[in-house]
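First chain written, first letter: the chains are A, B, C and D, and each begins at residue 1.
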Amino acid sequence: MIKLEFYLVISTLMFFIGIFGFITRKSMIAVLISLELVLNAVEINFAAFNRFLFPHQLEGMFFALFGIAITAAETAVALAIIINAYRKLGNININDASKMRG
Amino acid sequence: MNILLLFVFIPILMIGLLFLTNSMKTIRSIMVAGATALLALSIVLVILFLRERAIDPIAEMLFISSWSWYAPLNISFTVGVDGISVAMLMLSSIIVFTGVFSSWNMNMAKEFFLWYCLLSIGVYGFFITIDLFSMFMFYEVALIPMYLLIGLWGTGKKEYAAMKLTLMLMGGSAFLLVGIIGIFYTSGHVTFNLLEIANNLHIPIEHQRWIFPATFLGFGVLGALFPFHTWSPDGHASAPTAVSMLHAGVLMKLGGYGCFRVAIYLMPEAAHELGWIFLILTGISVVYGAFSAVVQTDLKYINAYSSVSHCGLVLFAILMMNRTAMTGAIMQMLSHGLMTALFFALIGLIYGRTHTRDIREMGGLMKIMPFASVCYVIAGLASLGLPGLSGFVAEMTIFVGSFQNAGVFRTVLTIIACCSIVITAVYILRTVGKILYGPVQNEHHLHLADAAWYEKISTVGLILAIVFMGFYPSGVAEMISNSIIPIIERLAGV
Amino acid sequence: MNFSNFLLMGQETGLIVVVIILFFCDIFSTGKTAKWFYPLSIILFSILTLWGFCPKPEGEAFGGIFVTSDMTVLMKNILNIATLLVFLQSYRWLNSKEQSEEKGEFFIITLITLLGMYLMVSANNFMMLYIGMETASLPLACLAAFNKHQEKSAEAGVKFILISALASAVMLFGLSFLYGAMGTLYFNDMSLTVLNNPVTIFGLVFFLGGLGFKLSLVPFHLWTADVYEGAPTSVTAYLSVVSKGAATFALIFALFKVFGSMDIVWQNIIWWLSVITITLGNLFAIRQKDIKRFFAFSSISQAGYILVGIIAYNAQGMTATVYYILAYVFSNLAAFAVISAVENQSGKTSIAAFNGLYKSNPKLTLVMMLSVFSLGGIPVCVGFFSKLFIFLAAASAGQYVLIFIVVLNTVISLYYYLLIILAMFIKEPEESAVATFKSDIYNRIGMLICVVGILAVGLVSGIYSYINSLNWVI
Amino acid sequence: MEYSILIVITPFLLFLFLGLVGGKLKPNVAGLIGTLGMGLCAVLAYTVAFQYFFNVGKIGESWSQIVPFNFVWLKFTDLLHIDLGVLLDPISVMMLVVITTVSLMVHIYSLGYMKGETGFQRYYALLSLFSFSMLGLVVATNIFQMYIFWELVGVSSYSLIGFYYQKPSAVAASKKAFIVTRFADLGFLIGILILSFYTKTFDFASLTANDAELVTTSFAGGTFMGLSLATWALALIFMGGAGKSAMFPLHIWLPDAMEGPTPVSALIHAATMVVAGVFLVARMFPVYFFAAPDVLTMIAYVGAFTALFAAVIAITQTDIKRVLAFSTISQIAYMMVALGVSEYGGHDGLGYMASMFHLFTHAFFKALLFLGAGSVIHAVHSNEMKDMGNLRKYMPITNITFAIACLAIAGIIPFSGFFSKDEILAAAYHNHPAIFWTLWFVAGLTAFYMWRLYYSIFWNGDKKYDGHHKPHESPWTMAVPLVILAVFSIFSGLIPFANFISSDNMPFYTHIDWKVASLSLVVAVTGIFVARMLYRKASTKPAEIAQKMGGLYTASLKKFYMDEVWGWVTKTVVFRYICEPIKWFDRHIIDGSMNGLAWVTQKSSTAIRGLQSGQVQFYTWFFVAGTLVIALLVLFL
C-alpha cells in the first residue's frame, strides 16, 4: 500500500524541482515546462489528499481537474506572450527580458 | 449659524472669488476686503465674547456648536472658543491683514493668495474647533501650503528649506496623530471632543505616559522645541515675507496652543510627571536660540533663532503650569506673533530694496529709510522686552509666574530663562547697530525709497497692536487668565 | 439546476451581456461605425455601473460557492467605478494610430478580467476564488503586453505571466495543504474546522503569497515596477487600482471568514508584511525617475496601508479598508489620468517631463496635485480621511506601534509625493517641455469624477456611514 | 496732590507729540515746545515740593508717604500685581525737583548747543522720553514700576548716547551702555522675583513698613550657598543699581556714554539716571538695613573701592568729558558709601541723609560741569585737553561758572559740595575708619583732578587760536543755564537737609563735624594747590611725573584695562567660546542629524536597488524564498 506520505514527498519534490527549474533555466519555454511541474505537484497533492483523507467526496479531484484546465489556458497565454516577446527581443532567453530594472 | 464658522467661510469665499478673476486689481481688492472682514469679525468676536462672558462667567467655552460628522466613529465637528482662542483669532486676523499688505507686489499673485487663504483657513479652523479630529485636520491644512508658498515664492535654498520644513513638521504631526488616536481610544469613551474628554472622561495614567510626550512633541516641533527647531531658520530664511509673517506669527502658535490645549489640558497627571523633561528642553530652547542668534549674519536667521528662543519661552511657561505663567505664555504667543511678524515685514521690506539680508553688507539704513528703520527699532525693543511694548508684559508675566513655583529645579530654570533677556538685547542691538546705524555701507543703498503706503499700513498696524498690548495688558491678561482657570483646576485636581 | 441562482449573479450576468454585445459590435463594426465603438462601450459600461447601485438580492448560490451581499455589491461597484475611470482615460491611447484596430480587444479583455474579480469578491470557496483569480490574471498578462510594437510592453507581459503563473502555483500549493488539513474548500465549513497547526499555517502563508502577488506586497512585489512601467498606461492604472482592490476584498473575506479563529497568527504576519511593504515601497519610490515606476512603488506602499486596515480584524477595520480602496481609486486614477494625458501628448513618462507643468497646463497640474496630496494623506482630500480611518481601525485593535511606524513612513511618502509637486510647480521646465494642450473630453470627464471624488468622499461622511452600515458580521 | 501725576504725564505727551509730528515742525518750534513743556513740569514739581514740605507732608513729627494716584496695571496673581502710581515722600519729591530743574536747564541749553543738528526734533522727543522715564522711576510706588521705568530710562539713554548714529563709536557706546546695564538689570529682575516670591508684594510701602518686618519674617531661614535668601535677593537688586550707577566692575559703560551730546551727558550721565542706583538703595534702605546688613557693608566697600578707582583714572584722562565721567563714578560711589555706612533712625542715619544730600548737590554742580564742558567743546570743537587752554579770556562766563563748580566738587567751604561731602565723611568716620580714610584720600584726588581739568582748559599757557576757529562765549541760551546752575551749586549746600530727609523720615539735627571738615578741607586745598602748581602754566612737569610713575600711569590712562577684560569676556568667552560653538553645534549636530536622517534614507534606498534587478528568475527566487521564510518564521517563532 502506498501511503499518503509518499505522494506528498513526491509532490513536494516536484514542487521544488519545478521551482528550481523555473529559477535556473534560461529558455522561456523551459521555464514554462518547469512551471508545469510545479502545478502538477499541486494536482497530485489534491488528488492524494482527497483519496486518502476525505474519500467520501470529490472536492479535491474537482479542484485538480479545474487546475489542469486553467493550467492549460495559462500555458496557452504564456506561449502567445512569449511569441510576442520573441518578435521584439529576437530570442526567448529569459535573461534578455530585463530592460526595466532599478 | 455660528459666528465662528465665518472665520472659515470667509477665506473659502475668498478662494472662490480668486479663482474667478485674473486682474491684479481685483485680486488685491478681494484680499483687502476679505482680510478687513476677518479683522472686523475678530473684533466683533472679542466684543461679543466679552459680553457673553459677562453673562455666563462659568462656561468653559462659548459659542459652542456641534455637528455630527462621522457618526459611526462618533466624530463630530465642534466649534467653540474661550478667551485664549479669541485672542489667537485676533492675532491671526491682524497678521493675515497685515500680511496681505506686505505681499502687495507678488508675482503670480493669484496663486500666492490662493495658498495664502488656504493657510489661513487652516489657522482659523484650528483655533475655532474644540474637537481633536478637526483640529488635526486644520493643523495639516495649515502646514501643507507652506511647501508651495516657500518653494515657489521663496528665495535662496528654497526647495531644500521648503522640503525640510514640511517634512519636519509632518514628522511632528506623525507623533501628534498617534497621540490623538491614543486619546480617542483610551479616554474611556471613543470621542474626540476636548471638553467631553476633559470634563467627563479620564485617560489612565499608563496611557498618558506615552500620549503626553507624543502630543507634546508633535505640537512642540511646530513650536520650535529644541532639538526639533532646525526647520525654522532655514524655512523662515527662504520664505517670502508674508509667509514668514504668518508662519512665525501664527503658525508657530499652533504649536504652543496645541501643547496647552491638548497635551497639558487632557493629561494633567502626565504633565506633572513628565513635564520636567520638556521643561529642560524648553529651557535649552530659550537660551540656546538666543545664543545662536547672536552670531548669525542673515537677518532672517537672527529672527528665526530669536523665534526659537521666544517660542521656547511659551512652551516653558506652559509647562510651569500655574495660572500666571500660563497667562504669560499666551500673552507671549500674542506678543511674539505680533513682533516677529513686524520683524519679517520689515526684513522683507529691506530685502526687497537692498537685495541682501547679510547684516555685514548693510549699514546706515536709518538715514536712507527712516520710517522702516524706526519701525525696526521698535520691533527690536519689543523683542528685548521694553516696557510699554508687548514683549515686556508677556515676559514679565512668565517670569513672575514661573517663579511662583516652589522647588529649586523650576526656580533655577526660571533664572536661566531670565538670562535670555540679556542675550536678546545683545543680538537685537548688534543687528540694529549694524544695519541701521553707522555709515552707509553700500553706495547703491543711498537711493533706496522708504516704505511705500501699503508697507506702512502693515507695519503701523502691527506696531499699534504691539503698543496697545504693551500699554493695556490687563484687558488681554484678564481675558486669557479667566480661561485658564479650568485648566488650572484640572492640574490642581491631580 | 435552479436558475434562481443566476438572479443572485446579477452583476456578473450583466457584465457578460455587455461583453457579448461589445464582442459582436467589434466583429461587425466597419470603418464608419468603428468610431462609435468607444462611446458605446462607455455608455454600456456606465449603465452597468449605475445599475450596480440598484438594490440587489443577497444570498448564496450554487451550494454556497458563490455569495452575494450588499457588501460584495458595493465592492463590485467600487471596481466598476474604477474600471469606468480607466476606460475614460484610455480614449486617446485607443484612438492612436497603433491601437485603433484593437479597441474592442482592450474592452473585452478588460471586462473579462473584471468578471474574474467579481468572482474573487463573491467567492465563498477557494476553488471559486482560484478560478476568479486566474480569470483576472491571465487576460491581464495580455493587457500588459498590449502595446505589441513596444519592447517594454512585451517584456512586461512575459514578466507578468510567468510570475503570475508561479504565484498561482504557490497559492494552489497552499490551498492543497489547506484542503489536506480541513477536507473542504468552502469558507463556511473551513471556519468551523480551522485549527492552528503547521499544515494550516503553511497553507495560509502560501495562500497569502499568492494574494500578496496581486496586492504586490513585499516580498512578492518585485514584478510590480517592471510591469507597471512596461504596460500601457491605462493598463497600469487598471493594475494598480482595480486588480489591487479586488485582491484586497478577496483577502479580507478569506482572512476574516476562514482564518478568524487564528487571527493572532495572521495578524503577526500581516503586521510584518505591512511594515516592510510600506518601508520598502517608500525607499524605492524616493529615487524613481519614471513616473509610472514611481507610482508602482507608491502603490506598493499603499498596499501596506491597506494591510493596516485589515489587521484590525473587526467591522471597523473592514469598513476602513473598503473606504480606503474607494479613496485610493479616486486618488490614484486622478494621477493616472494626468499621466496618460501627458504621455499621449508628449510620449514621455519621466518625472522630468512634468517640470514646469503648472505654467503650461495648470488644470492638469491641479488634478495631479490633489491626487498626490490625497495619496499622501493631506486634508481635505479623501486620502487624509481614509488614512486616518485605517489608523483608527488599527488602534481599535491596539496596534499603536504599527501605527507609529506607518505614520512615520507617511512622512517619507510625503517627501516623494512632494517631489512631484516640486517638479510641477517649482522646477523650471526643460527645453522640450510639455506644451499647453487640451485633453479629450472623456479624460476630462474622468478627471472631473476623480476630483469630485477626492474632495467629496472625505467631507461627505455619508459614504463612510453607508459602508459601515452594511452590517457585515464576522 | 493728584496733579502730581501731570509731572510724569506731560513729558510723555511731549514725547508722543514730538516723536510723531516733530519731524514736520521747524526745529526751533519743536525745541521750544519741549522746553516749555519741561518748564511746566518744573513749575509743577516745585509746587509739589513746596506743598509737600511746607503743607501736607509732615504728619506729626515724621514725613509721610503720600500716594495721590495709583492703579493696577497688570495683575499677575491676586497678591502680585504691577501698579502704576505716584508716591510722594521726601526723597521722591527731592528727586522731582532735581530732575525737572536739571532737565529744564538742559532743555534750554540744548536750544543753543544742538542748534542746526539734524534730528533736532528727535533729540527733544528723546529728552522728553527720558524725563518721563526718570520721573516715573522716582515716583514709583512699587519695585516693579521702578523696574519698568528703569528699563525705559535705559532705552532712552541708549537712544541718546547713540544720537549721532552714523558715528560708529557712538553706536558702539550706546550698545555697550545698554547691554551692560541690561546685564545688571537681570540681577535686579531676579532679585525682584526672589523678593516678591517670599513677601508676595511689590509695594515699597509694605516692604519697608515697620522696620521691614514683612521681609525679615517672610524670608525666615532660607539660605543658598551659605547666605540667606534675603541677602541674595537684595544683593541682586543692588546689582541692578550698581549697573545703572556705574559701580565697579559694571562702570565701563559710563565713560563711553560720553559719545552722546554733552547736554545729554549732563542730564543723564551725571545728574539723574546714574543716581538711580543710589535712589533704589535709598528707597529700599530699611529693607537693606534690617534684612540684609551684610549687603549694606558690601555696598560700602564696593563704593569705596569704586570711588578710589575712578578718581585714580580721572587723574590721567585727557578727554575732558571722560574726566568728568570718572569723576561722576567716583562721586556716585561716595553716595553709595554713605548709604552703606549708614544706620537707621535719627542721627545714626546720617549716612542716608548725607547720601541724598550729596545726590542733590552733585546733580547741580556736575550738571554745571558738563554743561560748562559742553560750552567749551562747542567753542573749540574738541574734547581733548591739548586743544584747549587759555580759554578764560574768550569765555568768561563759562570760566567763572566752571570754577564755581570745581570748588563745589572739591568741597571747599561754603560751596554746596563741602556740606554734603562732609556729612558723608562724618558718617563714615564713626563706623568705618578704613573707608573714611579712603574717601578722605579720594577727596584730595578729586580736588586735584578737577582743578587739573580747570587749569588745563582755562589757563595752561597762553594758547592762541587762529581767526576762523576763534573760541567765543556761548549764546545766552547756553549761558543762562550755566549761571542758574552755578547759583544752585553755591547755595544748595545751605539747605538744612536733615530736616527734610532722614532714614526713618523723622527730622533730626546735624552739625558740621569740624574735625572731619578740617581734615577734608586740608586735603582738598592741597589737591587744588598741587593742580595749580602743575597745570596753571604750560610746563613739562606733568609729563615728567607721568614718566616717573611708569606702569601706574599707563594703567590709569588705560582705565586699568577694565574695557579689555570685559571685551575679552564678551568677544572671546561669549562670542567665540559660547555662541560660535552653539552655532556650529546647531548647524552640524542638530541640523546635521536631521539631514542625516534624510541621508540615511536616501542611502538605504540606493543600497537596496539591487533587489529590483529586472531578472524574472531573481524575482521568483525572492518570491518563493520570502514565502518560505515567512512560513518558517511563523512556525518557529
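Operating definition for what follows: contacts are C-beta pairs under 8 Å (C-beta built on N, C-alpha and C of every residue); 3 or more make two chains touch, one makes a residue touch a chain.
Please read these numbers as outputs of a predicted model, since none were measured by experiment.
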| item | value |
| --- | --- |
| A-D or B-C, whichever has more C-beta pairs in contact | B-C |
| Nearest-to-centre chain - CA centroid comparison | B |
| Whole-Å gap separating subunit A and subunit D, where each centre is the average of the chain's CA atoms | 96 |
| Distance from subunit C to subunit B - Cα centre to Cα centre, in angstrom | 42 |
| Length of the line joining the C-alpha centres of subunit C and subunit D, rounded to whole Å | 78 |
| Inter-chain centre distance, subunit B versus subunit D - centres from mean C-alpha coordinates, in Å | 37 |
| Of all residues in subunit A, the ones touching two or more other chains | 19, 22, 31, 94, 97-101 |
| Sites on subunit D at which at least two other chains make contact | 609, 612, 614, 616, 620, 624 |
| Numbers and ranges of subunit C residues touching at least 2 other chains | 158-159, 162, 166, 170, 225-226 |
| Every chain pair meeting the contact rule | A-C, A-D, B-C, B-D, C-D |
| Residue numbers on subunit D that touch subunit A, as the complex places them | 609, 612-617, 620-621, 624 |
| Subunit D contact footprint on subunit B (complex, rising order) | 164, 167-168, 226-227, 229-231, 234, 288, 291-292, 294-296, 323-324, 364, 366-367, 381, 384-388, 392-393, 396-397, 399-401, 403-404, 414-415, 418-419, 421-422, 425-426, 429-430, 433, 436-439, 473-474, 477-478, 481 |
| Sites on subunit C touched by subunit A in the complex | 127, 130-131, 134, 138-139, 141-142, 145, 148, 150-152, 154-159, 161-162, 165-166, 168-170, 172-173, 175-177, 179-180, 183-185, 225-226, 229-230, 293 |
| Subunit D residues within the subunit B interface of the complex | 72-77, 80, 82, 144, 148-149, 151-152, 155, 158, 162, 165-168, 171-172, 174-175, 178-179, 182-183, 185-186, 189-190, 193-194, 196-197, 574-575, 578-580, 582-583, 586, 590-591, 593-594, 598 |
| Subunit C - residues contacting subunit B, complex | 316, 319, 373, 378-380, 384, 388-389, 391-392, 395-396, 400, 403-404, 407-408, 410-411, 414-415, 418, 421-422, 425-426, 461, 464-465, 468-469 |
